[in-house]
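By letter and in written order, the chains are A, B and C; residue numbering begins at 1 in each of them.
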């Protein structure tokens, strides 16, 4: 009996022109998203590598590692081209100086606002907006439509328990709408392979989970549609109600949640931090300048008697200067770390607020899960800047090693001592080898960490499914079939 | 006769069960969107004002002309309340320094990424996505619904020209949808006025044009809905066609157009360009330094053999010439740098413009894109916002550099020349705060005329699309089988 | 239910038995031979090749009721569609008051009122709103509520239903509204498509009465029907149609001595069922 109902439901959905049309559109979109995502990734990869190479090339001819301020950038991630999240909104490039605040700048959208006008079409968008709408389109009249056509009366005039009937319908509808999606998704996966997108096994797993989350989300939409359909008696009413719910869940609730959170948890602006930092720097620098002046006054009371004396003065000065600047940079770093932490804490609080509110909408839960899995969620800028800081330390050590521990305060002193006979002491300038520069590698978080973070949202999606399906079930048991 | 039909359409919409719910949702969304817009407007203004204030404080503590920098802050535009455009995506300030190109940086979305997760919400989005959906919802069964119900036969059994029937559908439904929406729109405008958002004449004009464009855009969808319902036999069919078309037109085509354009016209990243610029500059400066050293060697050599007194006399005699020579060399360096920089920038701008053109012309097939582009252009929050501000920032950069040069008495204090070997004065210049009262202020760029100039074309496009749909409805219905 | 005179009430009580012709308000004398509704060699072949109407010629004069009898696919509805100008004739013409419907459909339609089979009105409007709309659409300047209500009274719709939305109306109630619309339009000709199908006997009886009244006011009435009894009861002339052709035509007085049912069955026998399925 159950099998019969499932088969009927499958045939009823799969055989309609409505299925052919929507499935065609969706397949096209999914394949297109994969194809363009892969091409886009390849293109971004080339561009990234070119930029890195160009960076190194520009260092050729330099003679001093102190002149080098490597610019590191966030390499394109294979999954980010499929689920872009906020990867286009965060700064991609960091200029690493020996010291000081690192700031990622030049987000893709800032650089190319054209892209921001319409944004990209990624899997997140296709599932969250397009497929959810189509799920509603298929399920809004699952119960009320049969009632209107009169087939429900006929069916239930047989010895069919209502529970069997609704369970059959639900499973048939879920099967009919989710299983066919696997075809374009598989083709998409194939396109990734063909286009030689370097997907690690971890990436495949994460992509698989994104798809799973997507299917769960589509099923949740089906569930809610059947539920509403079993609560109303006219299919036009149920569609209207579902459309309004869809608008609220997809367009309104997530955005309002964030804005509400932004209002209730104030985060200090970046400017404030920068300004405080700048003021501290000026103050420390003024103090140091005082000290340096005193030092110079004391040690350079007259013309140095000999080049050796001059050299010793320069040596002592450099040592002194180094000490001061190191102390200064330490103080600044500590201060900055405190500021950053404060801001990060506030941001986390805001995020918790916003997300726990937004998660009332399955669309938001899916989006959070998908971007989390793809590594393009809010952690991305934090991870990038953390790794950039780690690189900063590596680079600083490297610089010190290369320059024999000379000042790394970002300022260099070359006190030219013109000799009396007019011959400038020509330093033997040796070009540096840019290849020695330590490379920056962005490490995406491990699969385990990602799973740990997104488990909650995946569970939430399942919970939505359970709730909606149970709701549909109960609603149908009490449905007035007259 | 026509009036009777129009009146009936109008009543039919207002009395239909879906009207109350959709109207409530639409009204709530309009008010919510504008409310959010007003809040974001003032939040942005105060953020920028605070940043400006902090900058001014920093300036007060500045003691050296050489590291005097400035920042240019983007001002909020009142119309961003209605059309956010790329406002949140592009930087909100540009740092002005002699060395670096003035580029907008620190976008709201990169500073506060959480806002980027779900993006924000504005009136143009409500119109573009939600109201267009409602327009379809009210028209998908306009003709074939009446045919299925049988009322069409009854109507046409009277001496009613078919054209009148379609026209009445159009006008009646349009009025029934537009007039009630005026209420929340007026309330929203009132809220904007009460929130003391400074709107001048040009703003009002552009705002009205934006509302006009919104009306026209919704008309396109209404006409499209009526056309499809006139061509197809069953409401369920027309509904499916319309919903799929809506998904394609509103959600897909704009994005696909963009993806294709990105694919076809690759644009070098700023990182690439900056790296090229930096490399060129490093080489040029190294060259310049070597030349300077060589010059000095030559000059010192010329003084070789002179005793101390003659030396000073010689130096005094030639100093002015030397300084002029050095200055000229420096100027040449700057010019060359600038030329190279502007050439690179020009190329980049060119490529971007090309990409933009392709992306937009591809996506303009969809009225949703045409509407969005028009709305952004009217509100001044389109892609041009960035170019406009960066051009202004570049202009200000020159003014500022000139000001610094004049105020510091030339040379910008970059070269500390040691004369005779003795260390004079303190390390690195004076320590008194600078007198910055004469510092030029940055004027936010406005291009109202250009914004409005672009309107007729885009409005025309929407009008043509509406007319085409209307013609389709017309022809479709005149040939329709009403049995 | 308020009927106008006692004799009507008597008729209502006779339900169940086959009413004799005399109990219906007497048909007017066959006076004016000038037809108001007329088809001349009217032929319709659809795009798919089906010949729906084959050289049909019939006439309905003012004060006459013409009943087209026939099974599904006999061409009754096609005839009405041609009168309404919804389709174009392949050859021949349908004339209303001498105006060919495919030449000047609008002027022709000013002269007819139409009551469709399963009367469709706007469910979200009240009976009065529907009436107001369609009457004005029919070219009458707007009537006041009282006039509209009076018309609804005349067709026998209870007062309390006048301001109810059409949503919950039964078929009979909707048909009363449609008749009220037709009455108020005051067109010289009335076209009725299966007016009695799906009505309960009482409603059918009332309907027949009203139709008789309208005939007596001088309307030319053309109706399509399956209902032999009603046709026999009220029509001045009955045409039996089969597969697009008029196979038999009987005047009222001819019917008196003839078994219409037998006649109908005779003509309808044979392959007509298959044709019906095709159509």
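Everything that follows uses one rule, which is that a residue touches a chain if its C-beta (ideal position, glycine included) is under 8 Å from a C-beta of that chain, and two chains touch if they have at least 3 such contacts.
Because the structure is a prediction, the values reported are computed rather than measured.
**Student:** What kind of graph do the touching chains make: line, ring, star, complete, other?
**Tutor:** Chain contacts: open path, no cycle.
**Student:** Check A-B against B-C and say which one is joined by more contacting C-beta pairs.
**Tutor:** A-B
**Student:** Where the CA atoms of chain A average out and where those of chain C average out, how many Å apart are those spots?
**Tutor:** Whole-Å distance between the two chain centres: 71.
**Student:** How many Å are there between the centre of chain A and the centre of chain B, using C-alpha atoms for each centre?
**Tutor:** Computed from C-alpha means, the inter-chain centre distance equals 23 Å.
**Student:** Would you mind pulling out the distance in Å between where the CA atoms of chain B average out and where those of chain C do?
**Tutor:** One centre to the other, that is 66 Å.
**Student:** If a residue has to touch 2 or more other chains to count, which residues of chain A qualify?
**Tutor:** none
**Student:** Multi-chain contacts in chain B: which residues touch at least two other chains?
**Tutor:** Those would be 17.
**Student:** Name the residues of chain C that each touch 2 or more other chains.
**Tutor:** none
**Student:** Please output the residues of chain C touching chain B within their complex, sorted ascending.
**Tutor:** 81, 84-87, 106-107, 109-110, 112-114, 116, 118-122, 124-125, 129, 133-134, 136-139, 178, 181, 185, 191
**Student:** Which of the residues in chain B end up touching chain C in this complex?
**Tutor:** Result: residues 1, 4-5, 7-8, 11-12, 15-17, 149-151, 153-161, 481-483 of chain B touch chain C.
**Student:** In their complex, what parts of chain A are in touch with chain B?
**Tutor:** My answer: residues 17-18, 21-22, 25, 29, 32, 36, 39-40, 43, 47, 50-51, 54-55, 57-59, 61-62, 67, 71, 73, 85-86, 89-93, 104-107, 109-121, 125, 129-130, 133-134, 137, 236-237, 240-241, 243-244, 247, 251-252, 254-259, 261-263, 267, 269-272, 275, 278-279, 282, 286, 289, 292-293, 296, 300, 303, 347, 350-351, 354, 358, 364, 367-368, 371, 377-378, 381, 416, 418, 421-424.
**Student:** Given the complex with chain A, which residues does chain B contribute to the contact?
**Tutor:** 17-18, 21-22, 25, 29, 32, 36, 39, 47, 50-51, 54-55, 57-58, 61, 63, 85-86, 89-91, 103-107, 109-121, 125, 129-130, 133, 137, 236-237, 240-241, 243-244, 247-248, 251-252, 254-263, 266-272, 274-276, 278-279, 282-283, 286, 293, 296-297, 300-301, 303-304, 352, 355-356, 359-360, 363, 369, 372-373, 376, 382-383, 385-386, 418, 421-423, 426-428, 431
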